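The following pair of complexes shares a single chain, subunit A, combined with subunit B in the former and subunit C in the latter.
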Partner chain A sequence: MTGRDIPLLVVDRLEKSFAARSSNPFKPSREILRAVDGISFTVLRGETFGLVGESGCGKSTAARAILRLVEPTGGRVTLDGIDVASLAAEPMRKLRRRMQMVFQDSTGTLDPRMSVRELVEEPLIVHGIGDAATRRAKVDAMLELVGIRAEFANRRPHQFSGGQRQRIGIARALVLEPELVVLDEPISALDVSVQAQILNLLKDLQEKLGVSYVFIVHDLTVAEFFCDRLAVLYLGQVMESGSAKELFADPQHPYTLSLLSAVPRVGAKTGRRTVLEGEVSPLGSGASKGCVFRARCPVGKDRAICAEERPALRPHGTADHTVACHFPGELSLAPA
Partner chain B sequence: MSSTTNQPPLLEVRGLTTEFATRAGAVAAVRDVSLTVRRSEKVAIVGESGCGKSTLALSILGLIDKPGRIASGQVLLEGRDLVGLSESAMKTIRGKTVSLIFQDPMGALDPIKTVGAQIIDTLRRHQPGLSHKAARARAVELLREVEVPAAERRLDDYPHHYSGGMRQRVMIAIALANAPDLIIADEPTTALDVTTQAQVLALLERVVADHGVAVLLITHNLGVVAEFCDVVQVMYAGRIVERGPTEAILARPTHPYTQALLESIPDPARIGTRLRAIPGMPPDLSAMPSGCAFEPRCFFGHGREICRTRQPAPVEIETTSGPSQVECHFATERAARASEVAAS
Partner chain C sequence: MRRIGDDKTFALAVLIAALLIVGALLGPLVWPLGPLDMDFGAPLAAPSFAHPMGTDSNGRDVFARFLTGARISLAVGAIVVLAGLVVGGAIGVAAGIGGRVVDTILMRLIDALAAFPPLILAMAVTVGLGVGLKTAAIGIALSSVPFFARLMRGDILRIRTLPFVEASVAMGAKRGRIIARHLLPHTAPTMLVQCASVFGYAILTLAGLGFIGLGAQIPEPEWGAMITDGMQYALTGQWWLALFPGLGVLLAVIAANLLADRLEESLNPRSARNQVR
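Our next item is the complex of A and B:
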């Protein structure tokens, strides 16, 4: 594929803060919640980049800020060299054709009164693409690609299973022939056997259409299997990133290791589990210094430097593998 | 029963069929299911959406409402049949001998009552003599037991003040309140993050061991089954198609459905290959195939005459960790082949 090594998407120190909700409606809170706190990564053409982490880690907000579904409060996002945040409404609308999104719950995005054909045609109409005949041809081709039989095209969303509705959601995103699709947990509401169908479909479509994916996922097994490269997020910051192969073969950050060890697996009933204490929760004001993971970190909880200094992302081994930790590799999951 | 003691097992379900009346006639969501849960045993029912696993749980607890009904079979709790018991009789059992943990604690907890009030209600419903003060003290103990920090203070918080993981701990506390013999947990960790799931599973494992409670765990997650359960029952289209010791079944599944389910989990060892998805979808319960329900999707039996026409009877298979039962016409052949592969 031409230009495979030129980044399609460049995310540079992306930030999105919200004013924290106050418990007293008459006294607005001054606290700022940094949902996305300086995330940088690039996505090449035709590749899948994963954003991995637990709920509240900022992965979905990051994705929405990239697509400008929420306005970023800092940093830069460029798609094919175009600065996304600086665009006025009309050029932004045009650009949206090139970057689409698939949601976890397709049911919520599908108008129950519309037929599948109308649902897949809708984005084409919105973007003023083609006449009725061209659109029909495009919709038919797309439905065939995602495996929805033509004779079902006049049915409504409720007549389909969850997996098929997700296929319809994918068809709606891809019918515009976008270069980038953000997949926000596209399989986590589905059964295992159906998950496999959808993952296979997404891979096939990527091969056929050369589309790039930003894949938001909490399931590390799926991330390892599906992503070319990925970033592990915690409280809006990148803890570790690199190629999936390397990151899973040689995880360095205590958070990555803890996440990996928490996944229950068939055929691996071992004692090598680090059960993390506590839950993802912002540290509150005055927490701008130090490592955001320190409160739950089995390595750095009581270490001065972890409380004082925010660790920078530093390369580990190869240039592509980076870790934000003062003591990378110290936690190990060797069988106890 | 082949049980070594004369005592009846804690729970024995025999030939249970649960139907729902629809415009197209009665549709069976649970078909002729039999299963046994012994004291302190952890049994999994694993299957995909619509396989009938939740309906089975609700049937056991007598929570099937119209248009549903238990068409046949028995639910024996310590030898006593629960099918047909009045609602008031069931109420003395639910929350006492058998308690239930749901996937979504927010839906199970009352949003306008404090967590403490709800635990105290549960305690006093089955122990009317308990004073409010004693119930409150017991509630604090229960919250401590499920490792809710600052239990005394958090007792007066409302469910929405709790995080998802903490709410599930509250559900476990409520389930434990009246010292049950059996907890039925329906996808208890499905809505949680992996690290919280690990915490909640570790907690559940500890409390059921401490109290000697048996667990019937309903889940779609084979990883959770592998870590948590002694015995697994694989359910497909309303029937239990394979059952036996967890380790043996997950390491060497005999039923093609169990094998296919295991193979559809992404395996890091096979990166770059396609996942082995199961083609198609589970059958429409109102239009079941006349033979084996899995035949249309089965990589082994699809198109074979016997699979298309005859419902397979359970076949007993000897595994390394005890007997298993498989509803497949080719169970013996497949098991023999699998052990040849394992031996070579």
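Our next item is the complex of A and C:
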């Protein structure tokens, strides 16, 4: 029997880099873009692990590398002890039954030529589950679970609203009863009013089915509400990780802090805002040295050690809370 | 979007196509005179009630020959389209999903094939295999392969980057299923247009080969060969010999091209103009 505290997913120093395109065809570029640069985390059974960061920080690439929709260039991903990256095509295909994905773009990821019933039944057919009658029953049950009425099952995706389409996407992922579902910004394309419904649906389904989520998100308030634990990413590296509660109450990394200070909070006194300048951009060829965040860091911009040495992820306080900063906690959320 | 049924040009094209198809299928069964039946009592008779399109130098009824000619043209058109679609389509799919090496090899082969003007290629094949109707059809089918292969490759390359294809991979679908269920159905509009267009090309080229004597041979009631036969009498006043098969070719090709055009507009409003002209 597998206990709740045994990790379902172990991501160990995961890397994915792309060769940067060169504009000169006779002089191929040697620059390498490290989209995911040594991310490690574990996800327990039944929990939600969040990957948080600005756009361009490598969240989605990390999600795709975990599911091997892109081939990782380094590190290991193990699902329930199975080394995902080393599997051959057919075992990998079969393993996908246990690890599914919900996409941000529910419009594009549902084949417009298929009906809702076909779309939700397809995963079952693909993995050879049940006969036609069993599959039909499963599809009906799943549609009911996500709140799509059975009489609409013969309609095509474009006849639904964005929120309903995302429900269909969720039904497609969960009908296989996977152990892990990667949610790639599942609500960021939706209206605010619908976002809450979908989040609640995902939570309910997690309680009913015991599935683990890896939740890719850029919205910190959503992350706080939805995730048990999370990791804050910057340029493909983990800046800080820990339980959501602790990370939001006691952020240590200047980047986490800057992100949090940008979140409007009802009832809070207007505290000092740490305004980040510029945007996420790779540092170029010298990036292998020093802290990736230093160019925009209010703490370490001019400090020698930040330019010289890449800070390791070190535990802070409780065992689960780790920070990659030479000067953790120097910046604080408290109003000056 | 304009509805397809409201379009007068489209209606005309459908009417012509329907008339030709019905004529080709039923005409030879209903019309009492055979395409090769000779009536030496009435050579080179002008169009009349008994011979609506007149007779030729051997007294054969031109209308009967016209109907059988329609049958030949439409049959060859259909065969060429089918063969070109299957062979060219398969090459296009393989090139589109097979990765760089496969793509390069296949498309350079297609380039080599397409380097010949289509008519010249069809002529070469026909002469190489022995002049006749069947070899002409083979030659035309071969020359149509690049049209389908290139278009199919481009469409597959476009569709395979669409998000639902990645979603199928994530779901765990096998490659064959992804191709059959998620790629090919989406090429249908483009391919349908190409089929109509190549159909017209096939009829025109078949008539062209027949006309220069490399396709069907003269007693055979093929439109191109009939035009050649009738040409000698054009100056002596027996205009019906070449005119009617000529009209047949003209109408069939116009109908096919109009259908292709209108289908393209209604199915795929943003796509570029047809490949075959």
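We take it that the second predicted complex is superposed on the first by the 324 of 336 C-alpha atoms of A that agree within 3 Å, B and C clash if a C-alpha of one lies under 4 Å from a C-alpha of the other, contacts with A are read in each partner's own complex, and residues count from 1 in each chain.
What we mean here is this: a residue touches a chain if its C-beta (ideal position, glycine included) is under 8 Å from a C-beta of that chain, and two chains touch if they have at least 3 such contacts.
For clarity, every value in this text was computed on a predicted model and none was experimentally measured.
Colleague: Return fit or clash for subunit B versus subunit C, each positioned on subunit A through the superposition.
Modeller: These partners fit in the superposed model.
Colleague: Using the superposed model, measure off the angle between the directions from the CA centre of subunit A to subunit B and to subunit C, in steps of 10°.
Modeller: Once the structures are overlaid on A, subunit A sees subunit B and subunit C at 80 degrees.
Colleague: Regarding the shared-chain residue A:67, is it in contact with subunit B (first), subunit C (second), both, or neither?
Modeller: second
Colleague: Name the contact category of A:236: first (subunit B only), second (subunit C only), both, or neither.
Modeller: Touch partners of A:236: none, neither subunit B nor subunit C.
Colleague: In the overlay, answer first, second, both or neither for which of subunit B and subunit C A:122 touches.
Modeller: Second partner only.
Colleague: Comparing subunit B against subunit C, which has contacts with more of the residues in subunit A?
Modeller: Between subunit B and subunit C, B touches the greater number of residues in subunit A.
Colleague: For A:55, select first, second, both or neither according to whether it touches subunit B, subunit C, the two together, or no partner.
Modeller: first
Colleague: With both complexes overlaid on chain A, does A:300 touch subunit B (first), subunit C (second), both or neither?
Modeller: Touch status of A:300: no partner.
Colleague: Could you say whether A:259 touches subunit B, subunit C, both of them, or neither, answering first, second, both or neither?
Modeller: A:259 contacts subunit B only, not subunit C.
Colleague: Least CA distance subunit B-subunit C after superposition, rounded to whole Å?
Modeller: 13
Colleague: From the superposed pair, tell me which subunit A residues show up as contacts to subunit B and also as contacts to subunit C.
Modeller: none
Colleague: Using the touch rule from the top, collect the residues of subunit C that touch subunit A in their complex.
Modeller: Per the touch definition, subunit C meets subunit A at residues 162-164, 166-174, 177, 181-182, 185-186.
Colleague: Taking the complex as given, what residues does subunit B use to touch subunit A?
Modeller: Within the complex, subunit B contacts subunit A at residues 48-49, 163, 165-166, 193-199, 201-202, 220-228, 247, 250-251, 260-262, 264-268, 271, 274-279, 281.
Colleague: Taking the touch rule as given, give the residues of subunit A at its contact with subunit C in the complex, in rising order.
Modeller: Those in contact with subunit C are residues 67, 69, 93-97, 100-101, 103, 105, 108-113, 122-123, 126-127, 172.
Colleague: Touching residues of subunit A toward subunit B in the complex: what are they?
Modeller: Per the stated touch rule, the residues are 54-55, 161-163, 191-197, 199-200, 203, 218-222, 224-226, 244-245, 248, 258-259, 261-269, 273, 275-277, 279-281.
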